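One chain, chain A, appears in both complexes that follow, with chain B as partner in the first and chain C in the second.
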Partner chain A sequence: MLNNISLQGKRERRVIFCFLFFPVVLLCLFGIWPIVNLIYLSFTSWNGISESKEWVGFANYFKILQDPTYLTIFKTNLYYLVSGLLQMVVAMYFAIILSFKTWGQSFFRASFILPLLISGVAISMMFRLFFTGEGAFDQLLTFLGLEKFIGMWLGDPERVNYTLAGISLWRNIGRSFLLYLGAIQSIDPAYYKVAEMEGATFWHKVRYIILPNITTVLTLDFILLTIGVVSVFEMPFILMNGSNGTATVLVKTMKLAFDNKKFGMAASLSVLLTLVIALLTIIQRYVVIKRERRQL
Partner chain B sequence: MKQLVFKSLKYISLLTWLCIICLPIVTLFLGSFMTHEEFSKASSLTFPTSFFYLENYRIAWQEGQMLRGFLLTFVLLICGVFGSVLVGSMVAYILARFNFKFKKVLVLLYFIVSMVPMTVSQVSTFKIVSNLGLYNTIWAPILLYVGADVMMIYIYLQGLEKIPTELDKVAILEGASYFQVYRQIILPLLRPATGTVIMLKVISIYNDFYLPYLYMPSQNLNTIATTLYRFVGPNQTRWEVICACIIISMVPMILLYLVLQKKIYEGLMSGSVKG
Partner chain C sequence: MKKILTGLFITSALLGGCAKKATEESQSEKIGGELTVVTNRTDADKLFEKIEKGFIEKYPEVKDIKWEAVADYDSNIMTRMTSDDYGDVLFVPFSMAGMPNEYPNYFESLGKVDEMTSDYLDVTEADFEDKVYGLPTALNSLGIIYNQELFDEAGIKEVPTTVPTFIEAAKKIKANTGSTPFYTNYQSVAIWAGALTSFGGEQFKSATLKEGDAFAKGQAIRQVMDLFYELASNKLIEEDPITLDSQAAQQKLAEGEIAMLMSGSQDVIPIQALAKDKKSKAIKIMNFPVETKGKTSLPLGASGVVGVSNKSANKTTARAFLDYFISGESGYAVDANGMSPVKADLTKEQQQTIEDSNVILTVATEKPEDDATYSKIAEEAGVARLTDVLQQVINIGLYPEKNEPYTDYVASLSKTWQEAAKLHAE
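Entry: the complex of A and B
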């Protein structure tokens, strides 16, 4: 019997080793080590090439936190927060509509998900064409009698961030839509039946059945959204190369590192970015746990 | 009467959003069938003279070397997805079913990595990848897709919660090895989770621009995303060809979606994310 148990233990250790060895190597090499290294680099003035890395303490951090140009970069990300919140509202509206009987239901659903399937490069190039002078968008405005709004959608620094945030909304709405639709579909139809017998209106159903049932997904989507907002990168990078005041924090980080060879500064900026994300995640977890406790 | 107003509002809003989604794509589609002169003269939203003018598609396909891009993307997809499924299910199986010395540490490490978005840490990953001699090889993005993105482990852990432990205990008593339990009981029962992982991975790898851009600058190692990006540079003046190029790059994912539409919704509705 004793022999049996030790044999069991041996087999257990063997399977644990076999299953974890390769994944843990990958995790350390490409997950943990870069993060540790990032923190180390953030305290140096490394240029990405030289062998020696000069230790500068918190100098990079002070520079970033004191220089107003860096703070304005953080503001650029706020455009995407606003468009993200708008995205949640619009997605919710359409998810509710399309979970009830509608003519052309699956066609509309598919078309709302469509942008999610197109790559960032394709979307960027597409909108570069769409927003050119006298391009399709300006034509549309003329058609709608809104000529006075025509302008340089991508060339005007006052306007370009709104344009980019709009493109981000266009692209990401599918994700929110899909999440909400899934949650609404998993609500037991019996609830609606009972509610109908009680004479509930459409609004009552939304307010008392749908909304309480999708709060978890809403929170999840909000977490994804905030992380997405902090790490906006592709659109401003591909479309504008970060020029014209469109550089988000991550675009700036990449420019610092790979164009200006200031790896130390870039690393500090990355660490700050990560801290923001970690803080947001922790706050949100705290809120979710608190609410779940209250529900119990 | 009120019903009618509501109904028309509903359809008007749906159609409006449909237009917003489709208009940019339609512009592209129309432009891709125009000759160069037509395109420069035409104000965007006009029909081309003929939808059988396929010259742009030929140029895009040949000069852009899109076939090569598709093949490389396909290789990355297969390796990335297969690796993620394997690593995710194995790690989740061990974490959910066994107790061992460093388990808490490992869970913490995975949590930390999941907090830092992959793009953010590239500043320091870059040096590690090039020190390993992986720069300008397809292994750089593949290993990063599998090793640095850990979301699949959480999806599998969620799936494992639903599989009763009694099932594997009985199998062990019957004389099965742990490998057999994993292979013959756990993996088949995790199929819904695998579906979710595959779907998310395919979308993210196919559309990924940044890792191939950063790690595979070689002309021979263009994925479909970087093919497009690099094709646009020297061809700025030939927008009609670029249009065709973009349209071609969209086709595989849209076809895949249409084929798998039913399955995707079933997976979604079966409550992978319950409200």
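Entry: the complex of A and C
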């Protein structure tokens, strides 16, 4: 009997090994190895094609941390943090409204999620047309009687980052909306029934039933948001090539690597970026856990 | 257990074996067999079919040519070249021009520079230590394409040949016709790199190295920057450079809404076809408004450079194909609205133009070590491509109150260049 069990265990292990072999090989080959390689590159000076990679130690890191231009780039990312917070609020508002029976419910739900399905390049092309001088957006403003605001939405250095952050809000709102809507719909309807019997208003329901029940999703969305903010790339790169003061950290990394052939520097910048994201996530987790403990 | 393990290893060995097979074939001296050609043209399947047919007719031993068209060529092929499998004949990525010492690691030498100069034009597009690693597929001249009708309307009698007269002409066009005088092509303003030899001579890089500052007054880059600043700050360019793409701009040039734009001679015929009468004779090309020896120069450059991979298993055939591809026979140059680099294949007319003008190559002819030092400094200073610098100049010109002053910007560039130059001073 005992022998039988151990034999079964052995067989089971064999099966597990067989099933895991290829996934693990693939993971190591395409997941772990590039990361290790990137970290190695960040300690070298390499032009991307030369056969020799010169070992420079921490020189790349020091250069980035000492150069003020890299810090100012982080400021550009702050525009997207603001738009991201706004996005959370707006998405929450609409998710609550559209989770109750409303006129045109499915149409509005779909229209929030649609931008998520369009590729970033297509969106960039769309908005380049949208924001041309006397283009669709300016016509819309004229129609609304707001002619005085017409200007160069992408050319004006004072406006362009707001424009891009606005596009990013429009594009990503679907993600937050979807998360919130799902969380709200999973709340047991019995809660609302009880609350209604107690004479709760709509606001009471939102404050005491919906919000407390979706905090987990809120934290998750906030973590996704921070990662997104640090790694904004598509819009400023495709639309603007990072010119006009729109270069974000990732755009700068791309330019370092492929325009200026400093692959080592670019690698260390991405390692730093990863560290920043990890740090932010850890801080957030820490805050959340602390708060949960307090509630218990 | 063992069986399974062996099975796994055999499968992976088989998988790996397939990839290796191709390189193990022996080198043959005869022209024949198969070729893989990697190109940057994703739009020319029919043309390639024709070329393949012509080549096989000439060398019946050749069985098949596989064409691989790669989009976003430069960055993709560079990644692919880190493997051994990048075709037998391929376009030489332009970004390698900054590191000529890498050519021998990836390409087969096609011959010596001085020997090839007698038979071909522009052999120094991809050269290192007196050896040629790539030849142009077609030659085009760069210049300013303009609309003669607008020039007439503005009262400009002669094509401007210096920067001041160029600016003056642009002002006249704006005042007298109301059209946009000049289109900057903001999104791909990097093409102005080809204008640098016209402004600073074929040896502008070593001249800059001697000067120690690429942004000092009179340097090639600075001259182009100043030109852009003058145009932008006087509002002589399109109103919103960021949203106007080059397709739309070419259409506007043909229709007389834009007077001038910078491009290669290959675009003249297509733009003429965009005009209302389909074949407008008013669309012409002029040289850059800068004179050397009292004459503007005709900047000749290659729209593509083609070479033979040194990992090819069939080098003789690859070389024969390259010769066929760039000759007048293949029809590739004509299709690209350019001329063949093979001197014997030039038409009388083309020979005449070349003799009459001050021909200058768009690729600097420098000693490799000067070339390498220059690129290293440019990369260190972050100005390896002109795009960022020129885009910033346009922005400063258009929105002077919302940016740092132009002089400050130039000064900061000078400073970074000089610091980078110190780092790489040998």
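The working rule: the second predicted complex is superposed on the first by the 289 of 296 C-alpha atoms of A that agree within 3 Å, B and C clash if a C-alpha of one lies under 4 Å from a C-alpha of the other, contacts with A are read in each partner's own complex, and residues count from 1 in each chain.
Following the convention adopted for this analysis, a contact is a pair of C-beta atoms (placed from the backbone, for glycine too) under 8 Å apart; a residue touches a chain by one contact, two chains touch by 3 or more.
What you are looking at is a predicted structure, and each value in this text was computed from that prediction instead of being measured.
A.B. asks: Report for A:G155: first if it touches chain B alone, second if chain C alone, otherwise both or neither.
C.D. replies: second
A.B. asks: Once the structures are superposed on A, label A:G135 by its partner contacts, choosing first (chain B), second (chain C), both or neither.
C.D. replies: both
A.B. asks: So, does A:S50 touch the first partner chain B, the second partner chain C, both, or neither?
C.D. replies: Touch status of A:S50: second partner only.
A.B. asks: What is the contact status of A:D259 with respect to chain B (first) and chain C (second): first, second, both, or neither?
C.D. replies: second
A.B. asks: Would you sort A:L164 into first (chain B), second (chain C), both or neither based on which partner it touches?
C.D. replies: neither
A.B. asks: In the overlay, work out which of chain B or chain C sits against more residues of chain A.
C.D. replies: For chain A, the partner with the higher number of touched residues is B.
A.B. asks: Residues on chain A in contact with chain B in one complex and with chain C in the other?
C.D. replies: 18, 48, 129, 135, 258
A.B. asks: Which residues of chain A touch chain C once you look at their complex with the stated criterion?
C.D. replies: Result: residues 14, 17-18, 21, 47-51, 128-129, 131-133, 135, 152, 154-158, 239-244, 255-256, 258-262 of chain A touch chain C.
A.B. asks: In their complex, what parts of chain A are in touch with chain B?
C.D. replies: Spelled out, the residues of chain A in touch with chain B are 11-13, 15-16, 18-20, 22-24, 26-35, 37-38, 41, 48, 90, 93-94, 97-98, 102-104, 106, 108, 110-122, 125-127, 129-130, 134-136, 139-140, 170, 178-179, 181-187, 202, 213-217, 220, 227, 230-231, 233-234, 238, 250, 253-254, 257-258, 263, 266-267, 270, 273-274, 277-278, 281.
A.B. asks: Enumerate the contact residues on chain C facing chain A in the complex.
C.D. replies: Per the stated touch rule, the residues are 1, 4, 8, 75, 78, 81-82, 95-96, 98-99, 102, 105, 186-187, 239-245, 375, 379-380, 382, 384-385, 387-388, 391-392, 395, 398-399, 402-403.
A.B. asks: In the complex formed with chain A, which residues of chain B make contact?
C.D. replies: 6, 10-11, 13-14, 17-18, 20-25, 27-28, 31, 43-45, 87, 90-91, 93-94, 98, 100, 106, 109-110, 112-113, 115-117, 119-128, 132, 143-144, 146-148, 150, 177-179, 182, 203, 206-210, 214, 224-226, 228-229, 232, 239, 242-243, 246, 249-250, 253-254, 257-258, 261, 268-269, 271-275
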